[in-house]
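Pasting the structures here.
One chain, subunit A, appears in both complexes that follow, with subunit B as partner in the first and subunit C in the second.
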Partner chain A sequence: MSDVLLPVAIAVPLVAATLPLALGLKYERAGWPVAAVATTALAGLAAAIGIEVARGGALSHALGTYEPPIGIELVADELSVAVLALVAAVSLATLAFARVAGPRGNSFYSGYLLLVGGLTGLVLTGDLFNMFVFLEIVGISTYALIAADRSGASAYASLKYLVVGTVGASLYLLGVGYAFLATGTLNMLDMQAQIVQQASYADPLIRASYALIVAGLGLKIAVFPIHAWQPDAYQRAPDAVTTVVAALVSTASAYALIRVSYTVFTVDFLAANDAITTGMLIVAGASILAGSALAAMQSDLKRMFAYSSVAQFGMIVAAIALANETALLGGIVHLVGHGLLKFGLFLGIGLLALGYGARKLDDLASAARSAPYTSGAVALLGLGLVGIPPSIGFLGKWYIGVGAVESSMAGGDPAGIGIAVVIFVSTLFTLSYVARVIERFYFAGVGLSDGHGDDHDESGHGDGGGHDDADRGVAADGGRESVTDDDGDGPLTPVEGAPRSRLVPDRVPPASLAILVLAALTTVALGFGGYALFEWFDPYLTEVFA
Partner chain B sequence: MNPILTSVPPYVLLAFAALAVLALPRRSGHAVAALATAFTFAQAVLLGDGGTGAHLATQFLGFDVVWFNVDQFSLLMGVVVGFLATAAVLYAYGTEAPTWVTAFALIYVATTVGTIYAGDWLTLIFFWELMAVTSTLLVWQYGGAAVRAGYRYAIFHGIGGTLLLGAVVVHFANAGTFLFSATDGIDASATLLAAIGIGVNCGFIFLHTWLPDTYPRPHVAASVFLSVFTTKTAVYVMYRAFPEGGMWLAYLGGFMAVYGAFFALLQYDPRRLLSYHIQAQVGYMLAGLGLATYVGEFAVTGGFAHLFNNVLYKSLLFMAVGVVIYRTDVEDIRDMGGLWRVMPVTFLVYVVGAASITAVPGFNGFISKGMVIDSAHEVHNFELLFGEGLLWWLLILGGVGTFMSFIKLGYYVFFHGSATLSPKDATPFQTAGMVLAGGACVFFGVFYYQLIELMPFTEIILSEDVYFKPYSMSHLTESAALLVTGFVGFFALKRPLAWLAHHMRDVDAVTYPATFYLGRGSVWGVTELWAAVDRAVMATIASAEWIGMHPREALARAGVDVEIRTGIGRSVLFLTLTAGVALFVFVLS
Partner chain C sequence: MTGVALGAAADAASGFAAALASGTATASALDVLTTRHAYVAFALLLCIGLYMMIANQNLVKKIIGLNLFQTAIFLLFITSAYVEGGAIPIVPEGAAETGTFVSPLPHVIVLTAIVVGVSLTAVGLALCIRIYDEYGTLRTDVLRELLRDEGSLPERPAVGGADGGEADE
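Right, the complex of A and B next:
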């Protein structure tokens, strides 16, 4: 019975989360291997689920012996498989970086696996209350992970997220409670039917329920103006945590919003309540603009891309509220694509911080000279974020924009055109901050003499041998004193003890660099797969818009 | 009719010949060039025998076009351009013209012929613009002072060509076709654009300064080509645009005749003097064409006959003067003198040319200028002395001025004190070219029926209804009076004219500096305006960026003292407010 894969996929990381702590009693470094095995297993399970879905359509599994609608149902359809694949891939890929960048310790890996398990459950569940449980598992493990490096700033960020996140989750729970009052069920598909049978789309209880759920999930997604926890959390968290959180946590919450909006409340509910969609579109538009503008104002790299996420999730919320097929396709594609792009970007930033101590825009002068592959991959991902084809970043934005225009054309609602304009303006903002990064990479510090040779000697391990042959090419024209300006225009220089590789001049961990390059290339490759993506999501969209 | 004759547009051959001149040795290259121009001439002559029609009518860019339009008017242009170009090629060969000069000249002839044989406005404007380009190249080839003059020439013709292009576009927008055959001239709404656009090439007063500015500068052989094609083609195109003529055109022609002759009288550079006469002679032609409706076909024929003759004698004069310059390297007639003894052939040719342009009986100018003046005789709009109208008096005055200036030119070059220079006479090939052109001048002066045969409306002119007797007593008397007046006038007014020549400037003394400073001013203005815009934009961006990067400081400077970062408490407040607003909107809507 193949649908047993679903509970197994959730159980593997959750059960494995206990092992580092348990084994930690005996082995000091048990965490990483356990996490590696568990996430690898999850990746295999995700692939198996994907194949099953591709062959036979949606899977479902009733937990325990209780049949739905009483019991808890797990469901995997095309949408959840796509997000599940992202969760599995990112959680596996981040481990390579976490191994070198930290945080270390068994408790970190327990939290990490708990997060992965929560995300998996969130994606696969078919029950509203069960979704709340996984939302809380994700939330709590995220709070813990953000503070994992035990610094004051991260503790504050974690506390901030803890407080507002708890309130947000409570709002969601309140909304679910209202819906339960109105319908008497918690199973998603059953509630979809019961809303029509026992209540109506105009029922104040149903509307209030949706309002609370949107507000709660909106906080988790971090849309303007309830995004305030997110930049702090992303900036202050350890780099490896930021990588996984930025790629998955908000993404899973946005997935939950899509799931609740289209599977539970349905497109007819949205169509019947213009004020709701209009309100969501206004918030989404504000989020897109404010996020982009705030991102353009930042000088800290992680904070810059954190605000960028506010804008990008604004687009996804807009796609949900537009409630037409093209826009929703764009929203889903952007959901997955943005997760991948942000994973790559935060990984790249983390690598530069690890190898060169660069955390601010000004630190990046001539990064392309000393770290060509890292810089190139980050630049490629950045351009994808701007939406330059061929990249999955372009596809998602494009479909959302087209869907927005279509909705205006069809319904005469000016909000659609407004969203299209806002997306365009946001693209310009995105270009402005991505261009600043690329400008630092490739053009800043051109007039400076190359100080790499000296720095290599200072930071060298003195272990003889030709370990830095690859660096000689860079150093060959150097050898002079480096002229470092006080305003931070000095060229990027590796930190002491930065890793070396014989293959590339980048002073970053090679395994992570390989993953980064792979991620960058994947975004481009997916950009060519527009039609395949359309084919993949077509059954889901057909069902939703039936 | 041989289909080859009607299917080979001569300008294609001429263009290939231009390449051949560059590729082949000098002698054989010029031979090919002469053959190509001679073919143009022969083809036009042969096509005159029943070969008219719109040949090579096709579609280009989706428009109906005619690439080889043969009718009475284009044929007479083809005959004279082909004939004269042949003579000019011989002359160029005899004047040691560099092969580049002959090649540019030939491609210039090719574009001229293309303009002539165009059967629609699209083809015409295409060749018209090319004509401006090729003639500019011909001027520039000489280098030195010709470069700046050529640049001014290019600006003039660029503006003129653009105006005509505008006229063609307006014409198409209104008429819906480019074909000549579909409309009677250019559309009325494009009149002003077309008149000014073509008028630049015609040398309308105030638009003429490029003429005396450019034509004296390049190689003497290049001057021979330039002097006859651009302006005469413009007159021909003027007729295409305004077949009905118009009194404005006639009077403009009259004033051009006086203006050009008067300024010619003040010149000491021989080619500059001749250039002003181009304007004057074009004036006669336009006067004839302008009377197309008022007087009739006789005036049109007179205008075209004058055009035809002018091509012959004007180039002849440029050739003769060119020989003197070529042999002496002197370009001021006051430094010449007494050359008739050492250059008898050149002197003789000059006399033929001068007699033709001043309308001495027995030379072709007498026939055609007489026709124009006869036409003007019938115009009595503004009657002055002796019951004659203003137009007639203008043309007569222009004739007197012409005669005076050619007495002046001949007197200074060939007589005027003792010979200080002793150059050789014309080379054999120069002589050959000059004899061709000069022979034609005399031939059509004597056998004027041949001239009328080449013209349109032959039957009407030769019919009994029209009074066409050039050698009648009244014409001869008129001519004699003109000549005597001119002769006496020159020697009587020699000193005042010399004084005037030092003090009287043409309009270019004002227009060129004005254009220059206007251009420089506008460039400066645009640049500075752009710089100001740029500074403002960059300052705005910089301040926006600073505010964005330092929001706290910006707020502090504005006197606002608040914490803008959202802490935990404020975050929860926002969340609660959002949920509240959402509830309010979602439920109560």
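Right, the complex of A and C next:
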């Protein structure tokens, strides 16, 4: 009976998406409460699904009682539950920020719920064509949300994304069409069996199908040569939208790629088609290097972390193409971990922009003084992105790297070592741009005001790992009070009407700040839970690599 | 990309020729044109659509190109579902199940994909209207210039190019 949870989890946000518009006829501010209730319900359902899967293994539901090979199947296994949890948590957490940062209006919340419903469906579906439909629901609502602040620049960025994203989804559909021609089925598990029975892994139709699906989803994920839509879209979108889109949309497409590669085409297919996996590894390697290098060249914070996403998703694609157990585990952990890290980073940037009007790196001199908690959390998340050990960012990268080396050792294929080297180089690049941010936050502008006292204090802390950043924030907090008390022209000035709180000196909305700090601490906590993550994904990995 | 699509289309056509018209797999180019014209049209439409999206400067024409691209895919599904002498897959109660039936699945897929395509076109055109209201042009070259003046785009175009990127894959 518990399998009914799956369609309910998809239906709740989709049905709720109609309510803000309908209620908007009567109440002006109906959107936020509806979205809050729906995403809370989704979080509850996700937790319930997670418990069911933990207890009894994968859940499956036949929609409309049409049995799977013919009807549409919804499936929740360990992998989909992990991504579903990320979707539910991020969509709920972003709402607190959207309430203060806008965009306002009921239509925004309708689009938001549509996006959440699409993501939920994408994660839970077990049918290839159904996946296309959810991919497009996610796409359409993302295009609308990116342009939600009604500026011309965001409309242009959104249109660019629309054209590229639609080509991506269409290529995916074309790939599914080829596979359908070869096998006559659309159910993922059934197709896995039919590819062996009716075709073979060397069948040109099957190969073309996989190549088209990879190209299509690659466009949606934004890997290197076809990433050009992504930085503009992330930078031009309203802050709350960037937060949710950066954390979830590309993540869901990468999830789709993992699902299609390993559930439909299987490891044996990847092993039998070296040309395709080598091609994917080259693209992924280029993506990792180019993304990191471009990120290091940016001065706009949102753009910087947008390019960093290109690099991180390159790693995930590499993990998929390496096709060994360790690398795939790393890819999945990094998928979830990166989603969480980017959620926190874009939320932190959004909060600084909201409270202090600062968007460029140069505007943020000594941000740690006026906003110790916000900058502390951003620094902690940034170090997680670099891959400093007690953070989930480290775990994912580590497993991908180890998997890459393992695959080289086992097969004598030099590509694996190449990927490991590329990941290492990219880590240095990541360190270079994250270090610029941290340097701005903590050390820049110390000579400007009379802050020599904390100057010493902070450089002492600066060498430490990312672990004590929250404490560092507290330490800087004490020093700052005296600075603003006497002159008040600190390097970072809050915008007029910025929220003020009695507990913290940060002039940012307290609820969002609490979520930001929580997200930063979660990434560290998950880093400590490496073994638990391994245990959780073990049934899925055993099934895939059986 | 175009190369992949073309090659893949040829694969589909030849794969099908082998599967359906067993024995006549050694088809010349002329045979392909005359007997598999729907697949040829599919490949042509796909390429024309892709080319329009990349090469045309006008945003609305880019969207038309997008529509052509999607239409090509609909054509592939419809063509593949065609069965010589196939009947509608509705069997009245009590009637004997004889004869060949057409699989309804590809048609349903195309119907759904058409709906998706229409909504995408609507969103795209709405964005075009907003861009035109704001900047008074729909040409991407002029638009990029205006955005650069406004400071919304970086001075130098980013590596990879805005629209050229997808063609190189």
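Simple rule for what comes next: the second predicted complex is superposed on the first by the 505 of 546 C-alpha atoms of A that agree within 3 Å, B and C clash if a C-alpha of one lies under 4 Å from a C-alpha of the other, contacts with A are read in each partner's own complex, and residues count from 1 in each chain.
One rule holds for everything that comes next: a contact is a pair of C-beta atoms (placed from the backbone, for glycine too) under 8 Å apart; a residue touches a chain by one contact, two chains touch by 3 or more.
Computed from a predicted structure; not experimentally measured.
Chemist: Pick one for A:Ala296: touches subunit B only (first), subunit C only (second), both, or neither.
Modeler: First partner only.
Chemist: Can A:Val164 be said to touch subunit B (first), subunit C (second), both, or neither?
Modeler: Once the two structures are laid over each other on A, A:Val164 reaches both partners.
Chemist: Could you let me know whether more residues of subunit A are touched by subunit B or by subunit C?
Modeler: With both complexes superposed on chain A, more residues of subunit A are touched by C.
Chemist: Going by the contact rule set out at the top, does A:Ala228 touch subunit B (first), subunit C (second), both, or neither?
Modeler: A:Ala228: touches subunit B and subunit C.
Chemist: In the overlay, answer first, second, both or neither for which of subunit B and subunit C A:Phe534 touches.
Modeler: After superposing on A, A:Phe534 lies clear of both subunit B and subunit C.
Chemist: Once the shared chain is lined up, is A:Asn273 touching subunit B (first), subunit C (second), both, or neither of them?
Modeler: The answer is first: A:Asn273 touches subunit B but not subunit C.
Chemist: Check whether A:Leu219 is in contact with subunit B, with subunit C, with both or with neither, and answer first, second, both or neither.
Modeler: both
Chemist: In the superposed arrangement, which partner chain does A:Ala155 touch: subunit B (first), subunit C (second), both, or neither?
Modeler: Once the two structures are laid over each other on A, A:Ala155 reaches subunit C alone.
Chemist: Applying the touch criterion given at the start, work out whether A:Tyr210 contacts subunit B, subunit C, both or neither, answering first, second, both or neither.
Modeler: first
Chemist: Which subunit A residues lie in the overlap of the subunit B contact set and the subunit C contact set?
Modeler: Shared contact residues on subunit A: 159-160, 163-164, 167, 171, 204, 207-208, 211-212, 215, 218-219, 225-226, 228-229.
Chemist: What residues on subunit A touch subunit B, complex-wise?
Modeler: Its residues touching subunit B are 159-160, 163-164, 167-168, 171, 204, 207-208, 210-212, 214-216, 218-219, 225-226, 228-229, 273-276, 279, 293, 296-297, 299.
Chemist: Using the touch definition up top, name the residues of subunit A that touch subunit C in the complex.
Modeler: Touch residues, subunit A against subunit C: 129, 132-133, 136, 139-140, 143-144, 147, 150-153, 155-156, 158-160, 162-164, 166-167, 170-171, 173-174, 177-178, 180-182, 184, 186, 203-205, 207-208, 211-212, 215, 218-219, 224-229, 231-232, 236, 290, 294.
Chemist: So in the complex, which bits of subunit B are touching subunit A?
Modeler: Listed in rising order, the residues of subunit B that touch subunit A are 548-549, 551, 566-568, 570-572, 574-576, 578-579, 582-583, 585-587, 589.
Chemist: Enumerate the contact residues on subunit C facing subunit A in the complex.
Modeler: 1, 4-5, 7-8, 11-12, 14-16, 50, 53, 59, 62-63, 66, 69-70, 73, 76-77, 80, 103, 105-106, 109, 112-113, 116, 119-120, 123-124, 127-128, 130-131, 133-135, 143, 147, 150, 152-153, 158-163, 165-166, 168-169
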